[in-house]
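If you scroll down you'll find the structure; I have some questions about it.
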Amino acid sequence: MSAQAKPAETAPETPPPFKSWGLSVRGLTKHFGGVYAINGVNLDCKEGEIVGLIGPNGAGKTTLMNIVSGTMAPTSGAVYLDGTPFAPSSAVDCAERGIARTFQNIRLFKRLSVRDNIRVAAVTRARVKRAPIDEAFIDELIGFIDLGALAGSPAGALPYGHQRRVEIARALALRPRVLLLDEPAAGMNEQETEALTGTVRAIRDRYGCGIVVIEHDLTFIMQVSQRLYVMHLGALLTEGAPQAVRHDPRVIEIYLGRKK
Amino acid sequence: MDYVLQQTLNALSVGSEYALLALGLAIVFSIVGLVNFAHGELITVAGYAIYFAAALMAPNPWVLVAIGIAASVGAAWAFERVAFRAIRNAPVNTGILTAFGVSIMVQNAFVIFVATRPKPVQTPEFLASVVQLGPLRLPVLQLVETGVTAVAILALVALLRFTTLGLAMRAAAKDFTAVRLMGIRANRVIQAAFMISGFLAGLAAIFILSRRGAVDPFMGFVPVLKAFVACVLGGLGSLPGAVVGGLVLGIFEVALQVVLPQDVAAYRDAIVFAVVGLTLVRFPAGLLGRTVELGDKDT
Amino acid sequence: EGKPIRLGYAAAITGGLSPYDSVPGAECAIERINAAGGVLGRPLELVARDMKSDAVTSSVVAQELVDMGVTAILAPPTDDTAIPVAALAAARQIPVISVGSTQVQLPMASPTNTYLTAYGDNLAAGAVAEIAIDRGMTTAATMVSRDYGAYGIVIPQYFSDAFTHLGGKIVGSVNYNMGLSDYSAQVAEVKAMDPAPQLIVGGFLMPEAGVIPRQFKAGNIDVAFMGTDGFDDPGLIEIAGQGGASVTFVTHGFPSEGSDLKAFYDDCTARGHKIENVFFALGGEAVMLVADAITRAGSDDPAAVNAALAETEGFHGITSSSITYKGQHGVPIKEMSIVTIKDGAFTSEGTILPKYIPAP
Amino acid sequence: MTAHILATARRSALPIGVLALLALAVGLFAEAYQVRLAYAFLMNLVLALGVQIFMGNSGVISFGHISFMGVAGYVTAILTIPAALKMSLIPDAPFGLAQATVPVVVAAGIAFAIVLVLGWLTGYLIIRVSGSTAEILTLALLVIAYVIFTAWIDLTRGQRSLYGIPVVSSLATGTVIAALVIFVAKLFRDSPAGLQLRASSEDMLAARAMGVPIARLRHLAWTLSAVVVALGGVMHATYLGVIGPNSFYFNQTFLTMAMVILGGARSVSGVIVGTLAISLGNEIARTIENGPEILGLQLPEMFGLTGFFLGAVIVGTMILRRDGILGDLEFEDLIAARRRRRAKAPKPLVPLREGQS
Amino acid sequence: MTGPALLEIENLSVRYGAISAVRGASLRVEKGEIVSLLGANGAGKSSLVNAAVGIVPAAGGRICFEGRDITRAPAETVVARGMTLSPEGRRVFADLTVRENLLLGAALMRDRARVQADIETYFEMFPILGARQQQLAKTLSGGEQQMLAIARALMSHPRLLMLDEPSLGLAPRIVDGIFDLMVRLRDAGLTILVVEQNASEALGIADRAYIMTTGAVVYEGRAADLIGSTDLMDAYLGSGVS
């Protein structure tokens, strides 16, 4: 099995069909030296939609997320928000436009309190809106992740599961149009994962943003996503309703394995 | 012609001296992430060791050289054991300040127990001699220094690239505990890194002392400063970078000394630092430093 | 009443200036004076504080001494460290006498109460030029350093003035930094000068005063080194090694047989003091100058002592048999000793008082 | 905004009040040299807080700030020394500076303006890089400024000092300035910009992803801290009456840095504690090194002890408390923690997990 | 059972400052079995295995490996005696290449040829690693790092292998592969202690299981019994969730 795909012959540069699509990615490509981490990927996430992104290890999921969130510059391709293309070359710019994310390895400001962690993002939001910091919204978010009692503790001292929730709340403080979650259920047990399912849905319902979730936990991803994208060797393998994707023999072959 | 050649050799040997020191800094930095400002004091320790050894028993100068290097290695070991081990994995700030602390302590210990004023030190006569090469008369010291530096660099690169110890050293930089999980005595690995840096400082000390003929408590400061600049110029943490940075800095300094007219020459150091600074703005990772695109993966 | 009279000393005990101050020298002079019955029937007492070769510490230390009610203050050897002392003391007219400084500008900054124990750099540089010309040298280069005190800049300046005045030619000037180990670039530069200088002059301090001649020797250049008191430290002999033979300098005095200086050294050695260099004698001399002023003033009141000190005329000290402040703006004119290194020891080559003195 | 200023005023009331009381006590009861020490402490505090504004919030180490102190000191000196004296000290000064003399306040104002511009301009370079590269840039700044102080002899007199600066500062002015600076440092630390900057010092990547404009905030902090440090330069010049280049080089840099880090660079209170600890420690060591008589025991003179002591305290503190004495905590956090303990709310602060980096 | 267990932990406690992470836990692993250690987040599982291998000090209790007391032995000694841990959070050597990571995993092996052969074996098992062998470990994807960490732990041919959440971040197919591998290794004589969140999968291959809640072992038994009993599963794995 070769882990390296060839570059797409021509990156399909089709513009997104609707004006109010939320996030669209067209023909996105990224290579590191000889490694094509992603290769001509198209992906859409409407406002209020939860989209799952799965694929074997090293398929390029995190890289895609890095590019969309401005953490990494693409080699080529375009990213659209509401039909307007923008160069996702600066993470700050992306955050200001309302693309928020969490990280595969939790990245909190460990020494800052839970509240201050969330505040950091709220400050950005206030700057963009030229409004005062919305303290009430910060309180609401702390309530939402159910950490009222620990709001003053340094984030680094919290248990793993709590840290995950703080990270999500922090991203929400940007009042994002699109929220990107990279393996939010990793390291959680079945019970916690189930709770997370509820949380993710609640986010969509309450805050109305589009959500792209990467996850290897099948139960979780099947339950939570409305549509599912499958990546393989940097390219999009297939896309569709979760149940359909699940039974796609190619997906079983490269990703799910025989038992599933 | 003779002049140009002579200045070229000067530049090379100054560059080698910086490279030796920078290499010592770089190896410690790349392995424990510590900018060891006390590196210069290793030179001082070597100097005083030679001074005392000569006063106590006046043996032959080669024995003194060995004693000097041994003292420097020992001091590096002791610094690690007493101070730096306790702050492993600490933030950079902590490391820098601790190293300052060690450096100030050592300097003042010599002030208290020896003297502030410089003490004379003997080094082998041989190093002060001159060889005739065709029409050229070349100082042995400069030839030896350039040669020794080259050998030291090659040996070090080989060690780090091809031995398990070298692998372990590079690994311990980022995750000490994980190295222990490989069944390796990680403490020893780090000690070894410090001792190598002590050895390099000891070598440099011999050359510095041969030129200066004197040791004083504060003599380590200027060299370590230059070495630090050289390291960053080359790309902090990269050993070839340290060497290149040292050579470039030395050559550049000598070149400016030579070409600048007298009234501008007073600004030489300002020019050196301005150029180094601008180079770094242009190449933030240093001349040899490579930047890897990590995205969110920079753990 | 036998209450001691206090003298303060803001001394460079540690730091870069430390070779050019000497608390033991001052102490020894005080012991001697006290053994002979003290001053005005009262013993002298020295309060020394380390100013660490630093301007801020210097002012703190000076204030401490002023608060103690000292009669006079002995000051450190550079102007940025001594001027704050002088300025503080000026308010109460406490005399301030610098032990090691040779900088003519220093008394200018606080003219009513500041004195040098030593001669001025202009005098010394004039002497160096005269010696060079007497030895038949006509070409000279200077080495300039801006790293510590005025000394490294003004000595070359004064020398160039005097040397050209006397008919010599300055063929070049080279910059250097202190604290480096390698001066081969400077060696090569001097080597490339045309015409070749017979002599190099600079305001060298230890250890560069030894390191630089050493490296010129190693670089195989035959050139003489001349300078002033910065060379005057026994460490020079060993540090300069072979290069020592090329060095000639003028300094505050030389302990030749039968000299006052030798007598002072011998007595102090007998009293258990360790003599590092000639600044030991200057420390002693500063104390003696103050003691003389107190005697003449008949009081330990600082202002009275200051007034008396300013009137000093023909005082017989340690390094000079006639020190005069009157009409001299606090800078005495003193005869200097010429010193070279022979057989691994400092050797006197007589004394000198130059005819031409560059303007300060 | 107003609320923020009020909150900061409340939070800085304690240290400022204590400072004022101490200054009053020293002014009333202490000997003159102790007043000098107190002033030196205040000056160092201003410098340290100035450095903290940048270093403590951004996490970037700076060796360069003392050059701003030097610039401000020299500007003040050159503009305030009486013309008559200047004609003999720096007769060849460019721009006709040898003739021009202005009142100290005006000179200080000009000094700030110049440092503001310099800070803003150098900031452009500093913010382009991070980590050790930034350190070297700041180091370069220090060296370049020092070389200019020593080599531009027409303007600065080089190594020869400039004297005759009107001595107008006193313990009172020093106290007022220090109080002001404490307030400014706290105001900045707790401001939205300060918070975002502190976040970026912990995780640049996450900070960017949360929309923290790191470069812009660093630039702001750098410039602000340069100006605060300039205050220290003016304090230096107008108290000593004389300046020389060596006061603006490595010794002062290291001393200031030690004060900043020892108490905890990330907290304003920490810097106050660090400055106090080192100032007091230095003074105690200085007393001991003079060989005092303690309980009838004559101690030997041990010059060099202050330096040794400084080093030992630094190493000791770093080993025991790597984040400095106070770490991240401000005085008000300590008080709050105490109250919580009193109220017997058993909520221990969980120590951070060992960084797996 | 005959003779001493391969690993025997008695009454172990682990503390971080004021926090008690493990309080008097006991556990044994017999030669040739797969034991899985389950429990909610923060239950103390990682603390227990970390203490066993010696990278975290035991505050009390006794740890014996092959009958020898290793309670106070440093990690490098423990590893040299034949027990390794693939730690939580992968902890690959970021600045070394994939191949160098594996070489370092074999630091104690004398037989260089065998080491090279082992490396090839793991490259076959995880082809993506083979394709990335000259890449710096820090640039690997999360799952790739996890594979590397597991392979690295195997490089020293331990007699007891401890895996802390080996399935974290791995694609389902690879997870199956890893669990299959464990079974194969067990059949070849290796003893394995595996910490997992993924309870059902882990129980599927385990011979016996332990469950921890808030620092204490609350259940010990045959894995099959646990799988069979939803009650037990709910009681122990459903509770304790913070």
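Labels for the chains are A, B, C, D and E, by order of writing; each one numbers its residues from 1.
Basically, a contact is a pair of C-beta atoms (placed from the backbone, for glycine too) under 8 Å apart; a residue touches a chain by one contact, two chains touch by 3 or more.
Heads up on the chains, UniProt names are A, E = ABC transporter ATP-binding protein; B, D = Branched-chain amino acid ABC transporter permease.
Computed from a predicted model, the values in this text were never measured in an experiment.
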- chain D and chain E share contacts with A, B
- Smallest count of steps, each to a touching chain, taking chain B to chain E: 1
- Message: Once every inter-chain C-beta contact is counted, which two chains account for the most?
- Response: B-D
- Message: Report the chain whose CA-based centre is farthest from the CA-based centre of chain D.
- Response: E
- Item | Most widely separated chain from chain B, with each centre as the mean of CA atoms | A
- Item | Rounded Å distance between chain C and chain D, as computed from the means of their C-alpha atoms | 36
- Indicate the whole-number Å distance between the mean C-alpha point of chain A and the mean C-alpha point of chain D. 43
- Item | Where chain A and chain B are represented by their mean Cα positions, the distance between them in whole Å | 47
- Send over the residues of chain D in touch with two or more other chains. 150-151, 205, 303-304, 306-307, 350-351, 356
- Two or more partner chains touched - positions in chain C: 13-14, 146
- Item | Numbers and ranges of chain B residues touching at least 2 other chains | 111, 116, 174-175, 221, 266, 268-269, 296-299
- Query: Given the complex with chain D, which residues does chain A contribute to the contact?
  - Reply: 69-71, 90-92, 94-96, 100-101, 103, 107-112, 116-117, 119-121, 123-128, 133, 153-154, 156-158, 170-171, 174
- Message: Which residues of chain E touch chain A once you look at their complex with the stated criterion?
- Response: 40-42, 89, 127-128, 131-132, 135, 139-144, 146-147, 165, 168-177, 197, 199-200, 237-238, 241-242
- Contact residues on chain C for chain D in the complex? 13-14, 48-50, 52, 54-56, 59-61, 63-64, 66-67, 78-81, 83-84, 87, 103, 105, 108-109, 146-150, 152-154
- Touch list for chain B against partner chain C, complex: 3, 6-7, 10-11, 13-14, 17, 111, 116-120, 128, 130, 137, 139, 141-142, 207-208, 211-214, 216, 218-219, 221-223, 253-254, 257-258, 262, 265-266, 268-269
- Query: Where on chain A does chain B make contact in their complex?
  - Reply: 32, 62-63, 65-66, 71-72, 103-105, 107, 182
